[in-house]
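Below, each structure is written out as structure tokens.
Common to both upcoming complexes is chain A, partnered first by chain B, then by chain C.
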Partner chain A sequence: MHDIGSLVVHMLDETTKTSVRLFAPELVLSGTIVVMLLCRILPVVWRVPTQWIALAGAFSAFALTLCQFDSLVGGAARAESFFTGLLMFDQFSTFFRMFLSLFLILTITLTVLTGIPDREDGPDFYTLLIGATIGLMIMASANHLLMLFIGVEMTSVPSYAMVGFLKGRKKSSEAALKYVVYGAGAAGVMLYGISLLAGLTGTGSLPEMAERLSMIVAQGKGISDPTNRTIVLASLMVLVGLAFKLSVFPFHFWCPDAFEGAAAEVAGFLSVASKAGAFALLVRFGLAFSGHSKEVSSIAFALGIGLGVLGAATATFGNLSAYGQSNMKRLLAYSTIAHAGYMLMSVSALMVLRFSKYAGAEADAASLSCIEGLMYYLFVYLFMNLGAFAIVALIRNQIFSEELDDYNGLGTQCPVLCFGMTICVFSLIGLPPMGGFFAKFAIFYSVFKATSVHWVMWFVLGAGAINTVFSLFYYIRILKAMYIKPRPEGARKVNYDLMPVGLFVLMICLPVLGLGLFPARFTETFHHVASVLLTGR
Partner chain B sequence: MQAIGPNPFLFIGAVLFVCGVVCMTTKRNGIGVLMGVELVLNGANLNFITFSRFTPLGLDGQVFSLFVIVLAAAEAAVALAIALNFYNNHLTIDVDRGDDLHG
Partner chain C sequence: MFSPEVLSNLIIFVPTIFAFFLIFADTKATEFMRVWTLVGTAITFALSVALLGTYTPADGGIQQVVAKEWISSWNIYYRIGYDGISLTLVVLTGFVFMVSMLASWGIEKHVKGYLILFLILETGVMGVFFALDFFLFYVFWEVMLLPMYFLIGIWGGPRREYAAIKFFLYTLFGGVLMLIAMLMYFFASASMTGNGIGSFNLLDLAKWAAQGNVFSPGLQVAGFILLFIGFAIKVPTFPFHTWLPDAHVEAPTPISMILAGVLLKLGGYGIIRVAYPLCPYGAQYASYALVAIGVVSIVYGAFAALAQTDFKRMVAYSSVSHMGYVLVGIAVWKISEVTGAAEGRDYWLMGMSGAMFQMIAHGVSSPGMFFCVGVIYDRVHHRDLNQFGGLTGLMPRYSGMAAVIFFAGLGLPGLCGFIGEVFVVLSAWNYSKTLAIVSASGVILTAGYILWALQRVYLGPEYKGPHPEAITPMTSREQAIGWALIVPCFALGVYPNFVFDYTDKPMAKLVRSLDDGYQNTPKPHSELQTTQK
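Our next item is the complex of A and B:
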């Protein structure tokens, strides 16, 4: 009896003294949801516009994560797990939570400017948006298989609803149905994999899982052992769920449909935020295989090679399919798939380097550069991809179309939007001096480092380089439509409101340029984050 | 009574999983696909309960399955709402009839 009592006291102590403080950003966002929904019930405060409440919540969450990140980098706080080891508080997770709340601010600002959702639907939409962001934050800090699944589901379920948010549109409802059917299927398969992993290792905690895995695999007799096969199968099943969220080939088919049916704002959210969360989770899951056992390392090494091949296939498939597209959202969806492929290459390089047989100081340094490259890429990707989707949404509000042909000759009519699009497109291609160039360079550099370990990485590197050239052609089509083709006779004149919209576009596009011009400032921080994640120092 | 090991339970879980996957891939009816998803989730749930009884996973497994039940309910609610919305717009629930989006 005494034991249970002291246990409860200990848990309460941990929860109130540490966990709640570390979990504050998510709690603030949850509070924001409650306040928004209460405001709808109470007639007195119904006049308060929901978007301002949502924006205030997002800003405070961002401020809190910024403070946490600052104290972590400054050394005032240390990395620790909280909520009895379910979640992890370290530089890596806090960076992603900061990233996600910054993205939430930008998305809410965008929806205020474009007027989707209308006033009646505001609370619903922002509830879904913020709820999905909380799920992503949990994904980024997951330290337990249960949290992995809850994070993925908390992100997916609101995303399904957001895709189908445009009422009375055939395309929107179809997109939502396809997304929910495939998404639920992938989540089910992932859960089955999680159940096998948890059962085999007897624990759900990711760090413990690594130790137990090395014990179990060491007892077996290589890959022919049924237990080892089950472990591989279960890991593959978990990876299916993550690959679905990342829209990795061959689980990418939902992505273009969902993006075309959804509003451009929602598509932007899915394309950036859910990729960021899923990549954070993938890195954590991949690192969960770290151990001293050779057998586990060799399994993880093979998974890394597999991810590299998948990354190359994804990038190639995305870029090739983007060619024939005439709808802007669909084109950007395929571009999203291609970029997921590039980022997957860096995760693959990370696993290959970390789990290679010749692990040494050099490989460790190189695996740091993989995480650095991934974080830099995601950070640039936030601005450039959000910028592209935001401009598609803003132009849609003017010309009521998202077809590429209707963009003809817009360059003279709305110069600021088209200039922003040019910056984003150049960065997406990876032309210097945009941020996209250095991001791609960082990733290809880490893949190049991995080539010394295994020859397949040469193939991955080659595929990445060729794809970059491929992608030039369809991105240029956007610029060609806007700047070279003439505006058709009798086309609608574009009424372009310069002040808030232009300011917002510049606010998103300038960081793309700034990240390219001053990369050193950011890579230092990213280096620190990566070294804490990998070496604990 | 002779003690039963974990294998029969795991076997039923695997059967549920396979039935669910087959159901998801062959059904053309949107509701049917969602039923397949529920089968898969329950197969995994049975695994968790089995492991909680027979392995060091312990109560963690039961907590897992409680969360899965809650999340499955949430997912079913959203999925059915989306299916209803699809029906309102297309007057059918056949997933193959949604062919506005392609390319």
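Our next item is the complex of A and C:
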């Protein structure tokens, strides 16, 4: 039995020796926030432009995560939990932290180019942006129900403020308010679910959850047993919170309004980064049911099927609603919803395969390809969706409009931007040789594998396939406006100084093409990451 | 000069390389860019003819396979190669693109964009004909969508947006079905590859299908339906043909030439190269339906063509009708109900060869017909069949050329359209006498709408439509295109072995392996009982 003193010493030891080192990227970002705010107070350094400080912080965080990822993949470091088991340091979480800091770099660069925020608001905006990113990174490495909640909230609160950042615009404030109310509701439900789970199992630690659940679950009684029912209810409540972040049907209502009210840069951030963090968390939460108990597995299996149906509904709803939109940001918001649906299908396939009755070596290999597909999708999605939002922001700076009708005939006026948009749109539809095709292919493949386990997955696969055709309708409207419609008489002339803006657009859009042409390198890495996550090897 | 492997890669990518350099050209240097593109397509055509020289017709198998690992964890390879079937179509593609480029001189709007898309389209088409990996096949197949959408959508006629989206939508829908079939086969072949991943190798998949015990009958039937719909949309056959008249009518002349000459052949090629070899049981299971669909396409297309007043729409429906022969020729696979063995397999082989020849012949005559429509449309800016007449007197050389090309489409003996139709109708007689008679009646209907159109456009005392002053004789460029299209019409009609020399052996091999595949596939129980009775 340890006395308190030795426990404290042990904790201090762990914190200083390992945890702080592993947490370094987040700490660097926190430091950046402090420096930015200090700069604002001290008149001497107020001359230093805030965005460069933010960019430097983002770059160092990216470099750190890259080193960590490298040492993990190379075998120099090993996966471990830190901060007394609250957070997890493994390939999966480090990949997502790397992903998020890369995204942070790109978003800050974009804001530098578009000039939102202005000089006065710079520190506030970047503080919120970086703060949200830290929250997402915690979501990606959460290993405990408490961190799950803290991560989600740390992301949500700065997001609310960012959505309302365009002060003095009624739409923006309205959007932020909607987002806050909805978000608070979802967070409350999730917190209730977490407390139920923690109360039932006596622990918040995700790796221990399956074992504890198998101890309390009533054997062979199914849903009629109160304990089982509470477990299902609690899991569903946690999923509600995540579904809100993912804007999954029917928790998506905030998404189009928030995106329309927010600046396109912020909308891009919300649509990519918070999806990535939430999916990382969803996968981890789903895998927390892994154990030897048949009863727990069957609950998780049912959840997986439910997620599949939700994914199909989300994709269908998103695509059909997008068709009627005339505002670019709303259109892309519904497209975001649809893509969340596709990605949810792969999580569903993962849970169905992993928790099926026939689980074995083959199912393990199949569930591995689900995570691989999801990661590939997110990686392509980073570029294609950010590209689309970035181009919307850049065009807005020229024509002062985000209405689709005002895009008419832009194809000849700013060829580089429109070329970039073409690549992004074709990738979003999922046409080869863009990266979006291979990503979709990988997800359809994992869903197809899951069809051998349960027939509902056929329905999910069919919905995914049909949705690809649906989505063509509205994506093609963007290209039609840009290239086929003529520029109206007397419309504002658009002229772009090619160098920084064009370069930035190409820098985002060419990876979309590259990921489609040469996916091998990335799939191998993702395969490795997934196999460590699932099998520890 | 180059090894065959390098040659085939060059044929695929030379157009892209030429397109890439076009990006840096000055937008105003239109004449230079046109010549540059023409050189690019001419080089591609020359290379494809050179490739013909490296082919050994005596060996019917796939030759000069290049396989480079592409995505190793998925067993996806960059695998290309060719046999007589793909090679003849490659040469046709090179030829049609070169001729269409000549016909593209009149395009004045955004010349640079047009030419870049044109060249990318050629890469996509060539890639499909060379691809031997299902994944690669699919990638090239879909790569064609992007340029085609813009080529119709930007440079097309008044209803171009509608036509372009319709084309895109149909093809994408077919593509998605193909994707699911692809996954089914990938999944089902996992036990055969040795590493448990599955395979996209079309050659291996075909080999396993011929073994009969790898792919279950249910899989073959489901896979065949998915693949067939995907390809039938492209062919197009009734009832998936409705995109074609719109796309053809709205597309600019050179794009119509490519669409009719090459893109429709991709559907037929897909059926021959992918759908049949992978699902022999499914193909035979559906054979009566396929022949029936083909016959309906022939007759329906011909009747629809008869009813048109728009010259270009009439030619478009004639494509539906002519491509029906291709499907009938491929599908006349008769199984004896008594023995379960193939009945009159040589007739089926004849039908297959006829279908192949019909594809090549239609690939020459149909661009020719669209070209003829384009020539007169460029002058008088209308296409109403009832407002022409008397062109023979005003444009004698053009009318002569048009007559030859339309007669080739009609199937006059001595011209290229004849051989394919005869082979197909003869082989259909073995399959089903009723269907053969109906399909033969299509020949008469074809003669009807073509002769009637010729009469209304070229004969008669005087020109009745608007802009009579604009009717001028053919330019030398137009004459060059005309001659380029007429020569193969005659050559193929007089000496069909230009095609048969290359396609006979691969077709015989294909028919043999399909038959093996069907015989080896364990039949579902109920059917066995009926055959035993």
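Operating definition for what follows: the second predicted complex is superposed on the first by the 531 of 537 C-alpha atoms of A that agree within 3 Å, B and C clash if a C-alpha of one lies under 4 Å from a C-alpha of the other, contacts with A are read in each partner's own complex, and residues count from 1 in each chain.
As a working rule, contacts are C-beta pairs under 8 Å (C-beta built on N, C-alpha and C of every residue); 3 or more make two chains touch, one makes a residue touch a chain.
This structure is a prediction, so every number in the text was calculated from the model and none was measured.
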Worksheet item: If chain A is used to align the two complexes, do chain B and chain C fit next to each other or clash?
Response: fit
Discussion item. Residues of chain A touched by chain B versus by chain C: which partner has the larger set?
Written reply: B
Practice prompt. Please state, to the nearest 10 degrees, the angle that the Cα centres of chain B and chain C subtend at the Cα centre of chain A after superposition.
Written response: 140
Item to complete: Mind working out whether A:P519 is in touch with chain B, chain C, both or neither, as first, second, both or neither?
Response: second
Worksheet item: First (chain B), second (chain C), both or neither: which does A:G324 touch?
Response: first
Worksheet item: Does the superposition put A:L146 against chain B (first), chain C (second), both, or neither?
Response: first
Discussion item. Just to be sure I read the superposition right, which of the two partners does A:T412 touch: chain B = first, chain C = second, or both, or neither?
Written reply: second
Worksheet item: Where does A:K480 make contact in the superposed view: on chain B (first), on chain C (second), on both, or on neither?
Response: second
Worksheet item: After superposition on the shared chain, which partner residues are touched by A:Y192: those of chain B (first), chain C (second), both, or neither?
Response: first
Worksheet item: Now for A:F426: first (chain B), second (chain C), both, or neither, which partner does it touch?
Response: second
Practice prompt. Please work out whether A:G204 is in contact with chain B alone, chain C alone, both, or neither, and reply first, second, both or neither.
Written response: first
Practice prompt. In the superposition described above, what is the shortest C-alpha distance between chain B and chain C in Å? Please give a whole number.
Written response: 24
Practice prompt. Find the residues of chain A that appear in the contact set with chain B and again in the contact set with chain C.
Written response: none
Worksheet, complete the sentence: Given the complex, residues on chain B that touch chain A span 13, 17, 20-21, 24, 30, 33-34, 36-37, 40-41, 43-45, 47-48, 50-51, 55-57, 60-61, 63-64, 67-68, 71, 74-75, 78-79, 81-83, 85-86, 88-90, 95, 98, 100-103
Worksheet, complete the sentence: The chain C residues in contact with chain A across the complex are 69-74, 110, 138-139, 142-143, 145-146, 149-150, 153-154, 160-161, 164-165, 168-169, 172-173, 176-177, 179-180, 183-184, 186-187, 196
Discussion item. So in the complex, the part of chain A that touches chain C is made up of which residues?
Written reply: 365, 412, 422, 426, 429, 431-433, 437-438, 441, 444-445, 448-449, 461, 465-466, 468-469, 472-473, 476, 479-480, 483-484, 519-520, 523-524, 527
Fill in: Sites on chain A touched by chain B in the complex
145-146, 149-150, 153, 156-157, 160-161, 164, 167-171, 173-178, 180-181, 184-185, 187-189, 191-192, 194-196, 198-199, 202-204, 256-257, 260-261, 324-325, 327, 330
